[in-house]
């Protein structure tokens, strides 16, 4: 498990800790090198989804409580941010407001269900998504099913959105790391394994779950707000859709449940799949995700980030990068006209 | 000075009485044993006191304060910890982490990680698991898991420790080590309630013994008195030869 | 609205309850025995509808008969699914992350396969019965389809009850539901029983799906609203009780039907009587769910002193 | 080799994979931007759902656009003065899978990275609205061929256009049509109307349009019920029960296809009957008729286009379409898309350059005089949305459909009131 950091003992240990952060930081400098709009867009989406995924991972991965309802928090974040901006507040205040409302919402789901044993929580999360979507569809102050539009006076600046998103991921990773490495994280892992035994050493499972749920909701709310601000328009059938909740859940599951960097990897893979495979084979994207889920559950429960195969492969690739031989090959592969062509229709 | 008082405690499952009007009290800094044939209600008694089940009737007082039906977590904060008859270590954690968690959430609620780690190590030394500190809890033997169970309970810094059949399935030497441990714990100033099938063990270690039968208190007293108590002998002869249970 | 109209609605609600019960019962038995929240249930419902649809279009088999035929077919299908996927899941007495994700993944796959096979236009089964109704007076009119569907549903529930109480399989199932460990000690083969149970659950899903297909138009993502209803129903019924399911189904159906027609007092510029806008109707099941979770988590069954284990 | 692997293993943690992937992504992102096209073609972006729940209409619209492109290219392309020669059109197609997040994202991609001079598409109001945001953001003309909600064009966008007449007009035209029936004496004045519409812009606009007309023409209708319902609802028995007890003469709804089918089915099962029924823009769809058989007879619908239109250019379009796609143009979807592409071409020619602003200005002025759409003229009004009359069709027995209004396009008489079997 990577969800706790042992004090690094040697160079390799330090690399494990520092390298990911360094590379994440380097993304902040990326625009200086290449600020092509499409790249900014993709990385923005990746960052937003990863943030939400990291949120889900706190609850689902660390405390072992599966929720299909994170769309609710995503949507709450989106709407709150929009409404606050409409009221003339700064978007960043909006994000915080979004987080707050999302946290509030999380209690409404948690309070009645966490106290009970059995499937009540997961059932409630499925129910609440549907219910909230319907209610928002009919709520006039938010424009109902017609959706809500954010209009900013100042011209659209992709870089600002990009940086906000990257910082959000960093925040989410930081929060995860802190939780994973203090007593709270330990308690959550205990609850995941044996609730009664945890209670027998003084951990209160009920409140612990409530809090982690709230924190997770908060992060997802921020993600929703950031997404909404850039999208400029959104409606309940989109941000509150069941599918949105699924996407948020897929990301950590693919990347590596209960790990810290897993959801980030998951986000990257998810967006690449969305943009290429499922764009090319739209008709099969459910199939792709469905089988991916089943495969991971049955074969790689740790997610891809813990999959030996994957990372030996990438290890090989790394040698290439070090020796500089495969840069060309790599780019040849990725700069595939394939991807561009995928969108064209051959005459 | 009494630490725990139990008044007329009763617990019914459906119509069946697992405990009927059981009353006793536990003096501080003693090891009090609870014996009785299978189904006498020993484990039920524990789970009612530690809030796993709420009693059908009766009261439990800790230092004179009512703690009846209080949940396990808050009891730990009040200084009452228990072990389970079937060990339940957190298998996906190291031995150290298992105990460290207990320190964090125990009576003293230690927050700083390194302090908690130190406390945990001391506790592990006490039970003799310090060498296995960094092994996964799933990787150690049953005997060691039983000791881990005790260490975990102990790490919450309890005033009253309820031990449920910690010798079940242990070898003679392991049992002996466990008895040593109990003495050391008591010297540490912790009161112990101890349920055990193993007569030899319990006779050897307890200062006072309470006998339960069919959910009722049958007798109470020093080990030697109990051994000669007529009603107790009868209660056991009905079931199996006195003391020989589980040893053959 | 007049009393007769209310009566008319009540009748319709009760008929609806029949299908709801058939729809939820499969989920209950699977949860009871295996503690798996079967999200693929929705997928099975959807397949059931298409099953009847195909039989009807290709071989002109009456959908009711189709529904009955669905029972054995989906029974085998369910056992296959269990053998291929479900049996690998770790055992647990509460739903695990793995089980949820696995069944959910399988649901996605089912949806996609259906999508590939039938496309996403809304199909529906049109029989002479579809549009005809039994008229009592001029206000009460009961669609014949609903009557037939109700009859079929009730019939199968009765059959299930008999299976439960008379057969060896039923007994071992009940044993597992009530006390898994005890059951295995007395020699109930839980792998085998689970397999059969999952088959049974799937069979009922397919059956109910076919019946629903007669009432509504359907597309590959047909199941979800009904999945949510099934949840509400089994929670109402106390998760593991077939009789509880029947009760839950009635409560839900009646509430759904009447929620939008019965006016209630509401303060908006002074007290007035208001209807719940029909557009809010889909919220009713969930509202009910939360209400039950807060008031009586053990389900309606907890109203009665003896807990209704499958009986 | 082994040694080197071990070396790597020793120094790079698993967690680093994510970072690599991120950079891989960067490379991919850069890579997926096609090298800027040699300017001997005009790139037009097309964003439509050809999968997901709106895939059918999306497909038809795509075909409509591609037919137009083919015809233009066969004619040698568009004369662009600034280049001094005729240029062919190159379509860059994006499938958004009926997911508004993707619609917006792909529109953005087309405008920002793929060097298109204009984007067509956006079927269904929701997806269209999501895309409309991008038009002004990237100063690129965007023409929706499938989103008719007025809300999109009420925002003062400078680069957003729509070749669909406003949805509100369906309501208005329907009211007009019923009014004309009253005037003919087929229906009596003071008709009690029950309206049950979907809770979306579409539904709202429909009701507003209807009320606007009734407001101007007093005494024709009396709206006794006006409710909204949630799309995808399964059971309408209670709401229909209330329609019943409202004792209306006319039942007007506005719904998507599945809801139309389910509601009409339960409508009939509950033995309801009204002098006229309509489901807004729905009615003649083949699925519905196959699902309900005779149950959909006499339902009237207000639609943007019908293959029954008597205009010669409409007939020619229908023929070309069949030749191009191999199937009949049995719904309205293709026509507005076809004309949408043609008017863009015309604008580019008028602009005489590939400059997006010039094209935008041209779009504001240009007028398509041989439009296949009702009224035979396509022109964008000040807010960017086209305005042309609707045709009212009515289902007749044996799967026949007739245009019954306006008179100049009518192919048959309106049956009113609906006979009660």
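Letters A, B, C and D mark the chains in the order given here, with residues in each chain numbered from 1 onward.
As a convention for this text, a contact is a pair of C-beta atoms (placed from the backbone, for glycine too) under 8 Å apart; a residue touches a chain by one contact, two chains touch by 3 or more.
Given the structure is predicted, the values throughout are model-derived calculations rather than measurements.
Participant: With a step meaning a move to a chain it touches, how many steps does the shortest path from subunit B to subunit C take?
Facilitator: Minimum step count, subunit B to subunit C: 2.
Participant: List every chain that touches both subunit A and subunit C.
Facilitator: Expected: D.
Participant: Which chain pair shares more contacting C-beta pairs: A-B, or A-D?
Facilitator: Output for the comparison: A-D.
Participant: Can you name the chain whose C-alpha mean lies closest to the mean of all the C-alpha atoms?
Facilitator: Chain A is the most central one.
Participant: Look at all chain centres (mean of CA atoms) and spot the one farthest from the centre of subunit B.
Facilitator: In terms of C-alpha centroids, the chain at the greatest distance from subunit B is D.
Participant: Just curious, how far off is subunit D from subunit B if you go by their C-alpha centres, in Å?
Facilitator: Distance between chain centres: 74 Å.
Participant: In whole angstrom, how far does the Cα centroid of subunit A sit from the Cα centroid of subunit B?
Facilitator: That gives a centre separation of 45 Å.
Participant: Distance from the CA centroid of subunit A to that of subunit D, rounded to the nearest Å?
Facilitator: Once rounded, the distance between the two centres reads 34 Å.
Participant: How many angstrom lie between the CA centroids of subunit C and subunit D, rounded to a whole number?
Facilitator: 37
Participant: For subunit B, what residues touch not just one other chain but two or more?
Facilitator: none
Participant: Going through subunit C residue by residue, note those that touch at least 2 other chains and give them in order.
Facilitator: 225, 277, 279-280, 282
Participant: Using the touch definition from the top, which residues of subunit A touch two or more other chains?
Facilitator: 134, 137-138, 283, 285
Participant: Following the definition at the start, I'd like every touching pair of chains, please.
Facilitator: Between chains, contact exists in these pairs: A-B, A-C, A-D, C-D.
Participant: Going by the contact rule set out above, which residues of subunit A touch subunit C in the complex?
Facilitator: Residues 60, 64, 66, 68, 112-113, 115-120, 122-124, 126-128, 130-131, 134-135, 137-138, 242, 246, 253, 257, 283-287, 289-294, 296-298, 301.
Participant: Please give the residue numbers of subunit A that touch subunit D in the complex, ascending.
Facilitator: 2, 11-12, 15-17, 19-20, 22-24, 27, 30, 34, 36-39, 41-43, 45-46, 134, 137-138, 144-147, 149, 151, 156, 231-235, 237-238, 243, 255, 259-262, 264-265, 268-269, 271-272, 274-276, 278-279, 282-283, 285, 304-306, 310-312, 314-319, 322, 330-331, 334-337, 339-340, 343-345
Participant: Help me check something: in the complex, which residues belonging to subunit B touch subunit A?
Facilitator: Answer in residue numbers: 50, 52, 71-74, 76-77, 81-82, 84, 88-93, 97, 100-102, 104-107, 109, 111, 113, 116, 152-153, 155-156.
Participant: Touching subunit C in the complex: which residues of subunit D?
Facilitator: Touch list, subunit D to subunit C: 52-53, 55-56, 196, 199, 227-230, 232-239, 241-242, 244-245, 257-258, 261-262, 265-266, 268-271, 287, 290-293, 295.
Participant: In their shared complex, at which residues does subunit A touch subunit B?
Facilitator: Against subunit B, subunit A makes touches at 1, 181-183, 186-187, 189-190, 193-194, 196-205.
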